[in-house]
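Letters A, B, C and D mark the chains as written, and numbering starts fresh at 1 in each.
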Amino acid sequence: MISVIRRICWAFMVISLAAGGRPAVAEDTIKVAYVDPFSGPFASGGDEFLKVFGYILAKVNADGGALGKKFELVPFDDKLQPAEALIALKSITDQNIPFVMQCTGSNVGAALVDGVSKHNARNPDNRILYLNCGALATELTNEQCDFWQFRFTGNVEMRAAAGIKALPMDVKKVYLLNQDYLFGQSIQHDTRKWLAKLRPDIQVVGDELMPFGKVQDFSPYIQKIKASSAQSVITGNYNRDLNLLIKAAVDDGLNVRFDTYLAHLIGGPTAIGAAGEHRLTTITEFDPNVPAELHKTDAEAFSNGWRANHETDFSEVPFLTMFQMLARAIDKAGSTDALQVALALEGMKATDLVGFPVEMRKDDHQLLMPYYAASFSRDVKYDAEKTGLGWKTDFIASTEDLTLPTVCKMKRPAS
Amino acid sequence: METVLISVLNGLVYGMLLFMLASGLTLIFSMMGVLNFAHASIYMLGAYLAFTASQFLGFFPALIIAPVVCGLIGAAIEIWGLRRVHHNGHIAELLFTFGLVFIIQRLVQMTWGMLPMAYRVPPVLDFPLFSLYGVNFPAYRAFMLLVSGAMLLGTWLLLKKTRVGLIIQAALTHPNMVSALGHNVPRVFTIVFAGGCLLAGLAGVIGGNYQTTEPGMADSMGPIVFVVVVFGGLGSLAGCVVASIIMGMIQTFAVVIDYSISDILRPLGVVFTGDTLFTEILTVPVARIGALLPFVMMVTILFFRPRGLLGTRDT
Amino acid sequence: MRSRWWLILMLIVVAIALPWCFYDWTHHRHAGFLISMLSQMGMMVILALSYNMLLGQAGLFSLCHATFFGIGGYATVHLLNAAGSGDFPLPMEVMPLFAGLTGLALAILFGSMATKQRATAFAMITLGIGELMATSALMFHHFFGGEGGVTTNRMIDNSLFGLSYASGLQVYYLILVWTVIATALMYYLTLTPLGRMANATRDNFERAQFIGYDPRMVRFLQFALSGFFAGIGGGLYAITYEIVTFDALAAPLSANALLMAYIGGTTVFGGPILGAILITLLQSGVSLLSNSWLVYVGVMFIAMVIFAPTGLAGIIKAHDPIRQAGRLGSLVVPYLRLAIPSLSLVLGFVGVAELMSFLTIGAAQGRKLVLFGGPIDVHATLPWAISAGALLVGGLWLRFEAAGFHRVWESLTTEARR
Amino acid sequence: MTALSLRDVRKNFGATEIIRGVTLDIAPGERHCIIGPNGAGKTTCFNLISGRFPITSGEILLNGERIDTLPPHRINRMGLSRSFQITSIFHRLSVFENLRCALLWSRGYRYSFWSPLWRQRALNEAAEGLLEELNLGTRRNVLAGLLSYAEQRALEVGMTIAGGATVVLLDEPTAGMSNTETDYAMALIRRVTQGKTLLMVEHDMKVVFDLADTITVLVYGQVIASGPPAEVRGSRAVQEAYLGALDG
């Protein structure tokens, strides 16, 4: 009887070890787990970022990595499902990987913040840090903030503030259109808040939520925007929901500005194409034209290194800043213990690729960083995704502009 | 006033796009009883094939090639796959199409990559045909109406007026008798399935550049197509047309209606306060739930009339 | 009959002992991944069995089964928060029961609408219900928490046995207990008048009418009870992950329930248990190994649907007459002869699929294909030749062996029937 | 008071009239046979009586109560049960299960999902008794779908009378049977419908005249003759309907 159970155990052992993805005997590296969707309809998110991280790690490791060791990425597929991400988290902590990184989906982000803090509270000897590089919901570093989460991307409120600051003075009527889920609703809320604070002269003539990913034909929305005689549409839509909106606007001959937050996301320029000229703006963390306009030769070289063999553009400067700051924190802490690295990381000041000062604020673990408001136009040095049009920087919201108050009351671990 | 007229026109265009997709499924679903979940995937294939073909040969040759290729793919699926599964029952057929969805999606991701394709409306059709009260009506939408109208007429003529059509109609309800009369019913099934996929491919060619061509487009069109087919009624082409146009109109006009149930009740002195789930449901404007209305309508009609609007036999 | 009780007992013992087999002696802790996978299996067993109460027992093809699973989860999250803040003290062990009651309530509401019809009309109504619930869960914040979902903390230190439920192991054993209870209850249901009449209405609802039963009432009660058990599964989901988002009641989970029940085998009560274990392994285990796991899942369904429509349990059950005739031994050699070509077929297919996926997508991701030990150069012709060869040879050889196996099988079954 | 009576019952599908005003009265305990050429509307009559189809006009009374608006399961509970022309049984349940299901409602189990069937001794014994009576004891655990044609017909008759119905409708119980099987089936029917009202549709004239107390002849949806066998055998109208007009 025992032999039967023994054999079954061996079978499970093989599966769970293999499930770990990497044989345990790999050379001595600092492993960073990367949880994102790699299969199913949302696979394009994880797939694209994996290439970007490959390129970034090549530079960071070339600059000496941390503690003399190289960084190694261990991908886990969460299929954009919170439950799958938490199962992957268990596999990560089993292999004693000290860092977990996630860049797509606020629903998965919220699950990981909660999962990591509970895991650390219950397993003080095997703690892990959550590096949030893409879940943008403002709550994650406010009401739901946590000591073990470091967010290396601007939250929705920072982007809204940057967007409103970049609005030209002649815009007096705006129409808000967002997706009907957490991200879209927080953009709606923060955009109104900062419009009232910075631009009381602007009148919000329309405020609309549309079902996420379900609208096939946007012409009805275009009619409403036309009827409201708005000059600009402010929207947090991305991918399909943005491309169809702009296509419908062009088809119906509606010339109005589209001030968006995520039009620069991978695939956006290709899908919108010439339709976006003179009417589309976005809030991006970086763009190949930025170093060219600011004459930063090394940043331009780094960005061109990417463009040489990809049709997409490099715009993930915060990812590079994240690894650079992480490496410095590990060196300062002298180990990869989550608590030591966290203490070293919070409050750290650094300069990003372009040379602007950035800071990992101590009281909410939110990276304070600059944002660029850019418009889609022809007279740029580098076009986006070979569409002939690129992002021309109109306004730079500096780190000081975007240092916004936070309501985070973080529970700090005792030991 | 003008917004109503334009909305009607847009509703019609969107409705006819839904019809193009649903007509193929009506044939397959009612004829072979196959709940073909892979129908939207064939629609995606049609869009991708049209994109590739139009790069080398231009849009109009692609308009012919892509649907034909989809039809051949459909025939292959039926002969090597569905035919062997037919005797295991409808659920087995449905699971077969489930498996297909996963495979087609991965194949598309492998061959064309993950990013949206730059499949655009051909320049020759990319101009405003006319403008009504300052709102342009693009020529491409008129072209869509033309193609879907031709498709409706063609399918109707094929079914009602030709010999093959009569055999298909007969085999719809009495396959055994039709085979007793010497017709090769399995081949009829293949023709019908291939025809359904051809229609889906054609809808893909037209819909692909009207919307965006990306790996996720199959999932977004999947459920709404079933609603149209079932709401219109099984086995009835007329029902399918009427249902598509109704759904198109609903989606278009729901967005215009901005008030919610509580706004309607307010004049009657009923005001909702408090922060509960029910107040949230009652205060949600119709515009936000526009995409849900088709499902609400499907559930209600099936509850009272399982045959659907103009269905010929019980589902 | 006796052998069946032994099998069940052995299964429970294995389920209890399994976490300890993988105890990580160096770090003195359990393999977290294995425990969460086993917990997921427990929940999926309850979901699949409760789904089979509809599909297998009553012939009802539902497309919204995840709705009751999800609502059970949401109810439990809110109950845990209430219990945590003290204004509704409820011991942890009882939570799944309340989740079940919530599932029951919603199943009564939707059941009264859906079970008025049968067959395809019923399926389409449930498709509509499923889409409505999933989208409203995304939209309405109050109960569903929108896209971020609702989080909670299971350590409410209110337990009948003084457990803190901090460690995953305690949660796993809670799930195991509830899975055994739910499975036993569902099995018991099949031996009650309602259970028998559900089978009767599945086979022939008109004859059921002429022995005094209203088929609609039978369908409705069976639908409501299956909602109760799905709710229990949802409660366990909330306790395990401490967060419930709209994904817990969306269409992919309903599709999962269907696949687990069908692959496992709907004609045998225990079939869905097998299906749940296999699919969870595939989803949580294999998906970490390869990005094209969805292709393997898709191909497996197509193979099962064509060659084994009765599912895994159906195949096992087909062996009963031979086992009773004591001739099972003579099947071992034919199975071995089948195993080799099918193994080569599977490995060949995996090789081709991985090579193709790395040639097109993987290469761009800068990841190397690690297969059977060593890294493989995707552009070299050798790996392609080996994989394609294994696929072709395996396929032809299997076809040849299958014919031989079929002959042996026929002779054995006819002999057993005499 | 009649066990079952039809008063001017009419039924048309769309424009075509199938049943053109049938009036029939069946006394309690009477063995009544309906005969008539194919397409005369015999099975449609059965479907109307048993509530499978709604009637267009007229009345149907069971023990004096109107049943023409009730669904089949309510009619069955009032004591009327029927068999089908095409055998209608639960093919994926065992023979024993089929019979036990037929007994459930009359034994008051209704929709209970708590009472364990294996412990209901009285119910199981009743089912075993029925098995013996139908002489299907040897086929107890065989799936009903795997029985021979005659065995399936016998099982269906057993299920029809299992619920203790006072009025039993049998739709061509001996159709497609050999002589020996027919004799055996008729003996079974005679035995199990002792003291019950029997309404039967049958083509085999030997069976009809051997069993029936009264015979009704239905042609094109109308009753052309009804009475004891001898009277009906001699009636010219019946001969004309069956053999066609003899003399021009």
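Just so it is clear, contacts are C-beta pairs under 8 Å (C-beta built on N, C-alpha and C of every residue); 3 or more make two chains touch, one makes a residue touch a chain.
What you are looking at is a predicted structure, and each value in this text was computed from that prediction instead of being measured.
Asks: Report back the single chain whose CA centre is most distant from the CA centre of chain A.
Replies: Centre of mass proxy via C-alpha means gives D as farthest from chain A.
Asks: Per the definition at the top, count C-beta pairs in contact and tell me whether A-C or C-D has more.
Replies: A-C
Asks: How many Å are there between the centre of chain A and the centre of chain C, using C-alpha atoms for each centre?
Replies: Computed value for the inter-centroid distance: 34 Å.
Asks: Using mean CA coordinates as chain centres, what's the chain A-chain D distance in Å?
Replies: Result: the chain centres lie 74 Å from each other.
Asks: Hey, how far is the Cα centre of chain C from the one of chain D, in Å?
Replies: 45
Asks: Can you check how far apart chain B and chain C are, centre to centre, with Cα atoms defining each centre and the answer in Å?
Replies: Measuring from centre to centre gives 31 Å for this pair.
Asks: Any chance you could list the residues of chain B touching two or more other chains?
Replies: 105, 109, 114, 288-289, 291-292
Asks: Could you pull out the residues of chain A that touch at least 2 other chains?
Replies: Each of 40, 43, 47, 180, 211, 214 in chain A touches at least two other chains.
Asks: Which two-chain combinations qualify as touching?
Replies: Inter-chain contacts occur between A-B, A-C, B-C, C-D.
Asks: Where on chain C does chain B make contact in their complex?
Replies: 55, 61, 113, 116-117, 119-121, 123-125, 127-129, 131-132, 135-136, 139-143, 251, 255, 258-259, 262, 292, 294-295, 297-302, 304-306, 309, 356-357, 360-361, 364
Asks: Provide the residue numbers of chain B that touch chain C in the complex, in ascending order.
Replies: Per the stated touch rule, the residues are 33, 35, 81, 84-85, 88-93, 95-96, 98-103, 105-106, 109-111, 113-114, 223, 226-227, 230, 234, 275-277, 280-281, 284, 288-289, 291-292, 295-296, 298-299, 302-303, 306, 314-315.
Asks: What part of chain B is in contact with chain A in the complex they form?
Replies: Counting only chain B, the residues touching chain A are 3, 6-7, 10, 13-14, 17, 105, 109, 114-118, 120, 128, 131, 134-138, 140-141, 210-212, 214-221, 224, 248, 251-256, 287-292.
Asks: Would you pull the chain A residues touching chain C in the complex into a rising list?
Replies: It comes out as residues 5-6, 8-9, 12-13, 15-16, 18-21, 38-40, 43, 47, 50-51, 54, 75-77, 79, 81-84, 86-88, 90-91, 93-94, 96, 106-107, 110-111, 114-115, 118, 122-123, 125-126, 137, 139, 144, 180-183, 185, 211-212, 214.
Asks: Quick check on the complex: what are the chain D residues that touch chain C?
Replies: 50, 52, 71-73, 76-77, 81-82, 84, 88-93, 97, 100-102, 104-106, 109-118, 159-160, 162-163
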